[in-house]
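Both complexes shown next keep chain A, but they swap its partner, so chain B is in the first and chain C is in the second.
Let's turn to the complex of A and B:
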């Protein structure tokens, strides 16, 4: 019965496919009004399937960025349809990002591991997603140290190189070295090595419904 | 049966200079084996050889016999060795890959192809042992919890031989004792625990065998108690008795919150001018935040901080370039603060004069390293350079966040002596955060104990004794 269970998140691989489908539809049909209807429908559709928070988070960013570019294009061309085209293109991209944001990196990694995707790719993805926080913290710490040692402005190329870039790169190299060593000593190896997946991702009925909904919606927007 | 045995092992990174020279060493199941010695004597190299990092990851010329559980390990791949020997590296924070504790622990088990049900039971077992919750978010863990998580993640892989490289470096007394008692209980279950550590005062009650490393040679210490107690003594304070006249900072009902989380609340304390204040407290109690508020890196969300260093700086909590020339900050990690091409240039940067920079370099025994790049130095040397560089600008206030982490006993003594003699010469105000019982009293005129973001008590050197003995209980 697990096939019919209520799931919190979309099956990761379907999330990737849905994101790509939305981008393709939005880019191909950007000039049509039906594209806007499709994107609005897709927005509410993906909200139902576990992307509620990410959709709400992306909305204000879309309004600002999409609105800005649409306004710029309208001012440049004087034609309302070019503003609509831009709004649709950005809408597609932001919707795809919203779906991506709602998928946990660990579930995505496990799903790809299950499908025998090379481990260098899956671990790389996992580390890359967790590294954004590390990067932000390191940048803040180096900038703060520059301030406390009176190194001067970061806009000066010489100071940027010496007081920012050198300590920053040194830290990143150190962190990467430690991480690589830790991962290897915890049994990670590339090549044909046997491994298991702790929590397997399984397809549920809701996942199929989610993907079919996106594809049918997009197709209808093209046909009608 | 011996868990680990090294026979006539020699190692050299470049094929010429021997880091280990004909070393004979063993560790047994059911015991905690301590490897002690000054920085740079080969302790980490020895650990790396046992767990297969050398020669599988770090290359070099390795001779002799390395037996693990009676089996020769020379020529075996890291993937094979790590099934027998687990290693917990330094800097737990930098090793966490996953967002949730259970995923992090599962990582090693997945790599060793454990069945999902086995992984689940391993996770529950080690989480219970290490006193952590499998559902916790890894980024919100304290330093001590992260250290326990990385240890748990290693233990879940099921090795009976576990090596820990400076596991207590960033832990407070309570966290250290918890970790050590867990390791003790593992020994009782038949594990072989090998620890490389500088904080011998913490290890003393737990170590079964002690080995001393020096210049690539290792010898077993027969009288472990005398050896350990000799290197765990409290350092004497050489500063004259301090009498408070005026204050440098006055904090009134100071609070600091991030979103809804209160980090500091209602902190009221006066930091005397030309005094030495030590901030004490458990990991995560708010000591570093308090340092950052005093040094104007953060602004209080509540209350008021008044400075009495110089009228020019005003009372607006804004840290200008001139402010940071008067308030020198030494970070826990020296990597952030070193950016000049040579040690000499690093110390001369911001120094009052080149002559004074030279004098500081000699005082810190760095003159022979003057032309080296700061990032090419050992951790202990880098720490000395970062402190020397800040002191060379003769700040009126010196703020030190865990300045003694990773220092061996001799290095610790010399660092405390330098800081105190500089304090006597310049009359600076010194504010230090430390977990190290050996040096806390020697750097203290006034001790401020912080608990759960509040000042729990203020006193003199007796407060240091009280704090550490209470922690011990």
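Let's turn to the complex of A and C:
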């Protein structure tokens, strides 16, 4: 019965396939008006299937960036279709990013671990995805210390190199050493070691419906 | 004979990736990713090599730091694999960066026999991003042929409208990546002197 349950998030691998499909459709049909309809439909479809927040977050960015590029292209070419092309292309990419944002790094790691992906790859992906917030904090700290020491403007290349880059990389090395120790003490091992996945990611009916909806929508937009 | 075999097995052991190597490479990849977040904006600008020009510096600087710390064959490939998961959502063809990493590593292993020399890391860092230019050229060529109609945009993307500009941008990308790699090497050398970056 778990197959028919309603899931909060899309199956991670299906999310990747869906985002690739959307980008491909958007790039291939960028010049057609049907592409815009497809993208609007896909936007609401994605929203229904657990990407509500990321879709809302992406919308203002898309309006600003997509609008800016469309306006630029319209001014450069004087043809409305080139503005539409640009809007469609950006729409496709922002939709794909919205899907990507809704996939949690932990679920992706679990999914890949279930599929017996090498441990080194899953560990690396997990760290790379979840490290962005730590990086932001570290960047702020280094900048704060620059201010405290009166190091000068970060826009000066010499100051940027000496007072920002070097302390920043030093912090990264220290963090990585601590994190590696922490990972090892939690019993994580590389190589051919038996392991279990605590929470398994299984395909549900809603995941199939999500993917099929996008593929059917894209195909209809191409054919009609 | 025995000494030789023990040396070989020791070398093989030292070339195996440890958890701390993977963690450091992943963190460096996160840095590359954060600084390369402009990619979704660049992919739609119909100018040959714009992606490489926008990302060249960070895609050479950080990988070189990674390779200078983890001097093992495969370090660059690991970084490319980690980053490709995000690139799928931003611009799927850039996943071909894994192939570029394989080629760059192959060249380095062929000429330097590993990452013992600092210049080996610089070479790999310099080749890494520019190698995506021919791959993206092939991609745009094939992809937009399906589309058909936008010949103007295609020629802008693949640089066929102005060969001189395409060649110039390619050299600019290589130069930018070289500068980034050298900066990465200098940072790593300073950190090594300070005792932060242990081999």
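As a working rule, the second predicted complex is superposed on the first by the 224 of 224 C-alpha atoms of A that agree within 3 Å, B and C clash if a C-alpha of one lies under 4 Å from a C-alpha of the other, contacts with A are read in each partner's own complex, and residues count from 1 in each chain.
Quick note on the criterion: a contact is a pair of C-beta atoms (placed from the backbone, for glycine too) under 8 Å apart; a residue touches a chain by one contact, two chains touch by 3 or more.
This is a predicted model, so every value here is computed, not measured.
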item: Clash or fit, chain B versus chain C on superposed chain A; value: fit
item: Touched partner set for A:127, first chain B, second chain C, both or neither; value: both
item: Which of chain B and chain C A:175 touches, first, second, both or neither; value: both
item: Partner chain in contact with A:193 - chain B first, chain C second, else both or neither; value: first
item: Partner chain(s) touched by A:167 [first = chain B, second = chain C, both, neither]; value: first
item: Partner chain(s) touched by A:65 [first = chain B, second = chain C, both, neither]; value: second
item: For chain A as apex, the angle formed with chain B and chain C - C-alpha centres, to the nearest 10 degrees; value: 80
item: First, second, both or neither for A:184, with chain B first and chain C second; value: both
item: Touched partner set for A:99, first chain B, second chain C, both or neither; value: second
item: Which superposed partner A:215 touches (first chain B, second chain C, both, neither); value: neither
item: Shortest CA-CA distance in Å separating chain B from chain C in the superposed model; value: 5
item: Contact residues of chain A, present in both the chain B and the chain C interface; value: 123, 126-127, 166, 170, 174-175, 179, 181, 183-184, 188-189
item: Touching residues (chain side chain B, partner chain A) in the complex; value: 51, 53, 57, 78-79, 82-83, 86-87, 89-91, 94-100, 103, 106-116, 119-120, 139, 150, 153-154, 157, 295, 297, 319, 321, 324-325, 328-329, 331, 335-341, 349-350, 375, 389-390, 393
item: Chain A to chain C touching residues, read off their complex; value: 16, 19-20, 23-24, 27-28, 30-31, 65, 69, 85-86, 89-90, 93-94, 96-97, 99-101, 108, 120-121, 123-129, 131-132, 135-136, 161, 165-166, 169-170, 172-177, 179-181, 183-184, 188-190
item: Residues of chain A touching chain B in the complex; value: 104-106, 123, 126-127, 130, 133, 141-142, 144-151, 162-164, 166-167, 170-171, 174-175, 178-179, 181-189, 193-200
item: Touch list for chain C against partner chain A, complex; value: 17-20, 22-31, 33-34, 40-41, 43-45, 65, 69, 78, 81-83, 85-86, 88-92, 143, 146-147, 149-150, 153, 183, 187, 190-191, 194, 196-197
